[in-house]
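For reference, the structures are reproduced in the following blocks.
The two complexes that follow have chain A in common; it is paired with chain B in the first and with chain C in the second.
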Partner chain A sequence: MNAPVRIDLKDPSSFPSRRVEAWKYTDLYRWLRETPPASPEGAVEPGGPFAALGGEELTFVNGRCDGFAGIVAEGEGLTPVRLRFVSTAEGAGHQARVTIDVKPGASLTLLESYEGPARGYVSNISLDITVGEGARLTRVIVAEDAADAIGISQAHITLAHGATLHQSAFTAGGKLQRLETQVEHPGHGAFVRLDAAYALHDARHADLTSVVDHQGPDGRTSQLTKGVVHDTARGVFQGKIIVERGADGTDARMGHHALILSERGEIDAKPELIIYADDVQCAHGNTVGSLDQNALFYMQQRGIPFEEARALLTHAFLMEVVDRVEHEGAREVVREWLTARL
Partner chain B sequence: MAAVQETIDAVAALEKYEHGFTSDIEQEFAPKGLNADIVRFISEKKCEPEWMLEWRLAAFERWQAMEEPTWASVKYEPIDYQDLYYYAAPKEKDGPKSLDEVDPELLAVYAKLGIPLKEQEVLAGVQGAPRVAVDAVFDSVSVVTTFKAELAKVGVIFMPISEALREHPELVRQYLGSVVPVSDNYFSALNSAVFSDGSFVYIPPGVRCPMELSTYFRINASQTGQFERTLIIADKGSYVSYLEGCTAPMRDENQLHAAVVEIIALDDAEVKYSTVQNWYPGDAEGKGGIYNFVTKRADCRGDRSKVSWTQVETGSAITWKYPSCLLKGEESSGEFYSIAITNGRQQADTGTKMVHLGKNSRSRIIAKAVSAGRSDSTYRGLVSVHPKATGVRNFTQCDSLLIGKECGSHTVPYIEARNGSAQLEHEATTTRLSEDQLFYAQQRGLSEEEAVALLVNGFVRDVLQELPMEFAVEAQKLVAISLEGSVG
Partner chain C sequence: MLKINNLRVSVGDKPILKGLTLDVPAGEVHAVMGPNGAGKSTLGYALSGRPGYEASEGSVSWNGDDLLALDPAERAAKGVFLSFQYPLEIPGVPAMTFIRTALNAQKRARGEDEVSAPAFLKLVKAASQSLKMDFDMLKRPLNVGFSGGEKKRMEILQMALLEPSLLILDETDSGLDIDALRIVADGVNAMRSPERSMLVITHYQRLLDYIKPDRVHVLVGGRIVASGGPELAHQLEAEGYDQFLPEAA
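Take a look at the complex of A and B:
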């Protein structure tokens, strides 16, 4: 029941409906019942949201990247790798499977973007990532699918002892969008930071799902997700922290906080703790609400118009996640990117 | 007075044999298995009106078409529904009983527990004892209901539901199944088809029920399913506090308990429902014990109505129970206070649903779970806010305490917010008993078990405070007993 659903666009029976518990709020079957026509090849100019940061660029256009055989990081990666997934095919579907291997002791900064200038596409990306002993992966994701497109990204990350994962995802959603992260956490000095922020407008949908499975003792996990929905947008957060038998000394914290800034916005949240060890510190907090009326009133009283006051407060609310991004360049790119979508 | 004395004796006799041992009371059984004829048999036995039989048969048909749910995180052998008795009633006269048959270990437990329910004192006429009206449900039928006449003076109706079906059919017909529809879930459909008794309460407008009402459930006969149905209607501006206690004998096989409780609160009404569930949990190896699959739901129909659920769940092999509130009225409020203690190989999947449909409705959830031994405990809860429900407030707190290396504790809260003015807060923590605190308490001369009991009682105090006083004392002792053998 808990095994993640692997979606294969060629096999419609793999499209989960809301009857599948892990896809309860993201009903893929409702929007996609048959294999979509295959996307043609395409070409795009180099660029993407992280273009200014340089580094190596790897671009998947409609699920294809010529000559790509996976990313292998060795040694201290001083320059980032920009991994772009671009959809240029209208009304068609494509999928790709990417493997990333961060060797023991190495470090990699992965700047990942999901871009969709086209309309009505279905993009299905899966990533298999391994982070070796003492290695470090910084993964910063920016995702914005078209308002009528379906975008799915599923990452399966396996960490070795002493590995570090810093992941921060930022999304503006799509018609139906899901960013899923499954982490195998071995404990033993490994550390996971799993952050996300979403800012959704119109009828967009974003689903941030994560499972962190602590399999050995003394693992640490810190997770913070924040989101804002406008109009009839729908934000979904499903975070599961598992502490398996024997994973004593685990320290896992999870927070999800969301604002609904319209009458018909929707937030569905399900933070789960599944715990089989007793010597643990686990906690989660989950809040959903609107902006603090007192703060709004105070700012208006000081001469700040309502709209501006609201924007300022929302901005401050989401930037907490941005501030946790350690890569300075990426942090500023994301700050600008997110601000433009508020 | 003879009749009263008889009633007192009858309940006193029941009480004496409570908990882990069987009463050798001659039983009248319906044949094993479940089919439409059994449903007819039960209905006939109860002299029910024709519409009730039809209602049951419709429920039975629905149930046959349904599948047993599997989503709860509990594991158990499949239940053979054809291998159960669906109706068992004690015969008029009690058979011979012998205390010698009782396991001395169990007797010791009762001695520690004290008198489990204060009613016994009441019935025995002890001066100064609290006044509680009791409805005792033994296997499938309600055996005695006390204080009926006195309650009737203020207009409160408190009687077995089978009797209410005869005496107040219009009330039962109007409300039965209006909160938990027949096809709500697998077990509620089963209950609707075969329920044989339970309690019925009606509090007229503006009446504050002068005493606590209480139902005491006991499964006695072996291989019997118990399906009771409780219906509580609090009319405008009324108040009632209702208590429920459960026990069952020790048996090797698992017994099924699938009850349905429906509460209706009209404008300004308030209902406080407290449960101390102490069904037999099975032995240390997980053999035997009660499957407690219960549907409890309150419908806060009226504006400013309030329903408060308080539960202390210490028994049952498997608990699967989500007392919920449909907050339809404006400014209605729902509360859920829960202590779930699991030990041995017990499994509990329990929580609540707060469905906010009315404007400015509020809810509060405090759930405390303590897992020990090889048990598993899950809090599963839903807070949902309808698009039209503005100004909703919810606060949820779930704390879990783990004692030992082989138990599990899980938290699965759902929040579904569809209104921008809602303020929902949820927090959950999972920890183990602090070694420093244990050490300190032991240093002061407490044994390890006493220290654990003390700390756990502190952990669950927020919820214990919500119980009516007589129950709180009992529950506190129960907490300590349930955890025996969990340390060291």
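Take a look at the complex of A and C:
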């Protein structure tokens, strides 16, 4: 697979423009041409969207987390790790690189949040994640950058045989936001669930880009992304599943379904299945449309006002993704979080 | 009392209702019968406010309120209920959630107290029992994957819980076998009361064997061309609509 673009805020030549195919719909260069001023240190109170679920909290404020030397998960991992990225620097940029190592046989629940809340920042986070043999990573992400901020998160995840990745991302976007996930999938019983939902208002932009590269036989991937856009918001879904030569017996499914709820909202969807192996089961579905007008009238006829009917249908549409989150606490946090952003 | 006066409705550029006048006093059940294309469904949609079915002329008042000035949800809160010929499927919204949302929205609009979840559960259980419905069906997304008969029963259940004062039944018998028809008709008949008016829109007389109308109106070419007692329905069944068609006039 093409090596993903690695962005370095100190090197403007690394900022992709729309001429880079993988960044066609998210033109970073349009908004960012020079290295932004470096963000100062900052401090925030413990908290974040997953605060109620306890566990360990690791907070990066403006790209810094004192004493942080990576996350290493061994054993059962009964309590979650809450990984927060908070930006308090106005009009400044920061970046961080985070390594996460889930040891063979271990399990980790990672509750990740991109929270803003300052104005006009640029946040660039990269995560290098390894999930060992038979290990399990549950990664639940909520992302809401400020309306005038740029947020980029790029995760590179390498799975070993028999590893499980359950990832669910929920976003309300930013001025320009991209959540990218690259998965090296070895097959051999490894399983990837890669879900996402976006709910975008005003002029917000969210880009959910993923590449799952099946490199060995008998791997499974199940991917479901759903989204709604209002106003002049723009949602981007680029999902690529590659089945390499020899990755026979791969079972990969991808679905992206989105609703445009305004005249000027936009969805750009690019689902791709690239298959070099034999005897594989792969399917993808992609739909972009508007709410069913007949259903809306039916609901109004029963007394549900238009806005409420629309919200109810939209809610039901997106909750399918929420329902797939297996961690009960995280599922309910996300349900409430997303409901508040419809 | 429902008063429809000189109602004109076009769908697209095509005039469908061409000056329809009809009164339904409180407590009465009136049937509107007519051949295909006479404007029967359009009448139901125009009364309930479906977009694209706006009146270009005429008036509709319900218990003194100008219905045409209200949006569909406001009309529902005033008691208007249109039972659909083909009820819609609402994916992802459990039937129970749907009905409770509708009931409480109507109550809010009328300035009444909302019904709590436990109180609503009790209401639903009783109502579904009397309609011989499987309670588990109410936990499923509304009408999704339901048979034609189940959808109609779900309409009657909604009717029983929302307690509308103006019932408009649009071809309610279509797609029902005789047992389902009887259950549906029983449900409708149980709603008959001195404060409630009903408009039963139907092509065939069959439904009127089960829901006995006080008056029967013949709708042809977008107008009521004849009105009479229940015997008019039998006459139509025997003789057809030909005598009322413009060519015959």
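List of remarks:
One rule holds in what follows: the second predicted complex is superposed on the first by the 341 of 342 C-alpha atoms of A that agree within 3 Å, B and C clash if a C-alpha of one lies under 4 Å from a C-alpha of the other, contacts with A are read in each partner's own complex, and residues count from 1 in each chain.
Simple rule for what comes next: a contact is a pair of C-beta atoms (placed from the backbone, for glycine too) under 8 Å apart; a residue touches a chain by one contact, two chains touch by 3 or more.
Values in this document were obtained by computation on a predicted structure and should not be read as measured data.
Applying the stated contact rule after C-alpha superposition, one finds that A:285 touches chain B and leaves chain C untouched. With both structures placed on the common chain, the touch criterion links A:302 to chain C but leaves chain B unconnected. When the shared chain is aligned, no partner comes close enough to touch A:121: not chain B, not chain C. In the superposition on chain A, contact of A:337 is made with neither chain B nor chain C.
In the superposition on chain A, contact of A:267 is made with chain B only, not with chain C. In the superposition on chain A, A:60 makes contact with neither chain B nor chain C. Of the two partners chain B and chain C, more residues of chain A are touched by B.
Put simply, chain A uses no single residue to touch chain B in one complex and chain C in the other. On chain A, the positions that touch chain C within their shared complex are 292-295, 297-306, 308-309, 312-313, 315-317, 319-320.
On chain A, the positions that touch chain B within their shared complex are 21, 245, 248, 258, 260-290. Partner chain A is touched in their complex by these residues of chain C: 48-51, 71-73, 75-77, 80-82, 84, 87-93, 98-99, 101-103, 105-106, 109, 141, 158, 162. Those residues of chain B lying in contact with chain A across their complex are 71, 387, 400, 402-432.
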